[in-house]
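Look at the two complexes coming up: chain A is in both, with chain B in one and chain C in the other.
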Partner chain A sequence: MKSNGLKEDASDMDPIHQFEIKKIVSFGHIGGVEIAFTNSAAFMFGAVALIVGGLMLATAGRALVPGRFQSVAEITYEFVADMLRQCTGEAGMRFFPLVFTLFSFILVLNLFGMIPGLFTVTSHIIVTVALALLVFVTVIGYGFWKNGLRFFKLFAPSGIPIYILPLVVLIEIISFLSRPLSHSVRLFANMLAGHITLKVFAGFIGMLATGLGVFGFVVGILPLSMTVALTALELLVAFLQAYVFTMLTCIYLNDALHPGH
Partner chain B sequence: MDPVIGKYIGAGLACIGMGGAGVGVGNIFAHYLAAALRNPSAADGQFARLIFGFAVTEALAIFSLLIALLLLFAV
Partner chain C sequence: MATATGQTGTVAHGGPKGVFPPFNKDTFGSQLLWLAIAFAALYLLLARVALPRLAAILEVRRGRIDDDIAQAGKLKSESEAAIESYQKALAEARAKAQALAAAMRQELMAAAEQRKKQLEGGLAAKLAEAERKIEATKSAAMAHVRGIAVDTAGAIVEELVGKAPGKAAVERAVDAALH
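The block that comes next holds the complex of A and B.
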């Protein structure tokens, strides 16, 4: 990418470099595909360990008046439970383990990405597509299992005049099928774009400081303050995207529970 | 003309669609804020709907972005 003699630090300045997947342990090849334990997998294990360990430790005391850590666990639980109950009613509470897992997993992975030097797992589309397809398949599977063929009423909302019904059904089918696409790309694109923007602004500081000397150090305060502001925004986005992903999961599950509105 | 140039121009053109979605998302939040200031007690109850409307509108921006990314990296 760089050809101006700065090849050594090309990897420092390259905003895409941070998303590189590195092998930690390789298990050989299966059908031409390399099976390896990567930094991505390591961070996923780390997130799961943090969530499970943290929640178990926080709720180990079972105090009637919760302490600080137990409060965090209880507030998170109530937050997700309220979200699910509001969208799907009591019938949807059987999906609470799935929804809570998705929320905490995505939130922790997003927040891991905000720690400088750590890897952002959710900035890889393969991860978000896997999560979105999990929800999509769950909705279709549970929808048909619970409602049988009445699940198709999902595509024909009630109260639509008969002469525009074919058009509405077509639009509903297209919108249903594009759900996993928008569901996954939303999370992936937000994380990717946010981290690239952060890296580009952080790169400006380095360029100014190394290129312009003392003047560069003074002017470098501008991109530095921008980086701080962007980090605050990215923390908000990290939470908001986890929330939006979970919200949409609840809404899609509601379609499986109550098709035809 | 080099076909690669067309690819990059196409990716840039695809991103224009995101502007429309930007207007839409702005509209949603503006109306939410206007309504919330008129009736602040009802605002919290509509937060989930706000996020749903935002997500559905943003999906269209995502489709534009997807076309741009496909042109840049997949075609």
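The block that comes next holds the complex of A and C.
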């Protein structure tokens, strides 16, 4: 392999290049941090526009017998509502807008990432950490506001013998505090790894074709089929990670609502 | 944050070589700001506008379906009542028809019996009449038989003997033979 030749078009082959944040407009600096409208921000607002616009258009008819788009909107609504209701019961439905916002936002951002050339907002850990911390803070804030000090019962499951209680409480506290970490890294790592893998396999096709000529074109079928299969897998992962993030949010919210296990 | 003033302008968002973009702290500020704005906007638009609208549609449909089910239940019980009364009427009519048929049969049988008796009486009378006629005819025939026998016997005797016998003698002989 001619490593020199590869380095020249690094932006085409480099699997990391796709994650770069690009400035569109800079608004200057606040406290030494540059504030700029970036490709990431553009896709966030794109997702907002798509979700809200799509829902509004789909429900514009307010049809008694829904058409296709209204069906999609209704199925999504019922899907998230059932998920939340099963985890938290009717009491948790006050969080429905939050949970629906999280689900639709993450799902659309993940799916944006599946369109070649588009930026994947959820492949940036700062975004997933912020969303996970939002859930974490909501759980703690609502937990204490609703239950007061009884919220601490979350760390002391009932029916545990007193002599191993300190150990259990310690484990529960550690697992509680590590939630935002696992919550955010799961989404971030899945999106990041999937996109890197896709890019690497897609890069192989070009490398084989340029490096090996006609033989490369023939052998290139292998990474091409791999890329096709991975694309299907990544579509599944894009949905699944949005689902998992939302599901975990519902489970954590249940702790805030019913801390007594 | 070690963002020197010279560094930010050119390399911060282009990504300095070797810094993995998702871990490039220089971009965190922007991302957090826009994420907060976008997420808050999405939350407000969904919570205030889109989700209540969807909920209203689903609520209306659920209400409509419940109404329809109730209506269907009412209609069903009504039709069941109608079927019941129909069946009752049918049973009554059938019982009435059976009673009517039984009475009719009784009446017809009585009439037939009577006519049969009348017929039998008539037949017996005719039979007796016929028997009487037969008897009369028979005795009349028997009377003729004697006359014929007397004539025949007289003729035979005349043929055999050549001379007609006395009528009284022949009659006597015939009577003797007949009785």
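Criterion: the second predicted complex is superposed on the first by the 255 of 261 C-alpha atoms of A that agree within 3 Å, B and C clash if a C-alpha of one lies under 4 Å from a C-alpha of the other, contacts with A are read in each partner's own complex, and residues count from 1 in each chain.
Simple rule for what comes next: contacts are C-beta pairs under 8 Å (C-beta built on N, C-alpha and C of every residue); 3 or more make two chains touch, one makes a residue touch a chain.
Since the structure is predicted, the reported quantities are computational estimates derived from the model, not experimental observations.
Undergrad: Per the contact definition in the header, classify A:T88: touching chain B only (first), chain C only (second), both, or neither.
TA: Neither partner.
Undergrad: Give one of first, second, both or neither to describe whether A:I30 is in contact with chain B, with chain C, with both, or with none.
TA: After superposition on chain A, A:I30 lies in contact with chain C alone.
Undergrad: If you tally the residues of chain A touched by each partner, is the higher count for chain B or for chain C?
TA: After superposing on chain A, more of chain A is contacted by C.
Undergrad: Considering only touches as defined above, state whether A:V48 meets chain B (first), chain C (second), both or neither.
TA: second
Undergrad: After superposition on the shared chain, which partner residues are touched by A:N110: those of chain B (first), chain C (second), both, or neither?
TA: neither
Undergrad: What is the contact status of A:L64 with respect to chain B (first) and chain C (second): first, second, both, or neither?
TA: second
Undergrad: Check whether A:T122 is in contact with chain B, with chain C, with both or with neither, and answer first, second, both or neither.
TA: In the superposition, A:T122 touches no partner, neither chain B nor chain C.
Undergrad: Under the stated touch criterion, which partner chain does A:Y243 make contact with: chain B (first), chain C (second), both, or neither?
TA: After superposing on A, A:Y243 lies in contact with chain B but is clear of chain C.
Undergrad: State the interface residues of chain A toward chain B in the complex, per the touch definition above.
TA: 83, 86-87, 178, 181-182, 185-186, 189, 243-244, 247-248, 251
Undergrad: Any idea which chain C residues touch chain A in the complex?
TA: 1, 3, 8, 12-15, 20-24, 26-36, 38-39, 41-43, 45-47, 49-51, 53-58, 60-61, 64
Undergrad: In their shared complex, at which residues does chain B touch chain A?
TA: 48, 51-52, 54-55, 58-59, 62-63, 65-66, 69
Undergrad: Under the stated contact criterion, what part of chain A meets chain C in this complex?
TA: 16, 19-23, 29-30, 32-38, 40-41, 44-45, 47-48, 51-52, 55-56, 59, 62-64, 66, 70, 73-74, 77-78, 96-98, 100-101, 104-105, 123-127, 130-131, 134, 188, 192
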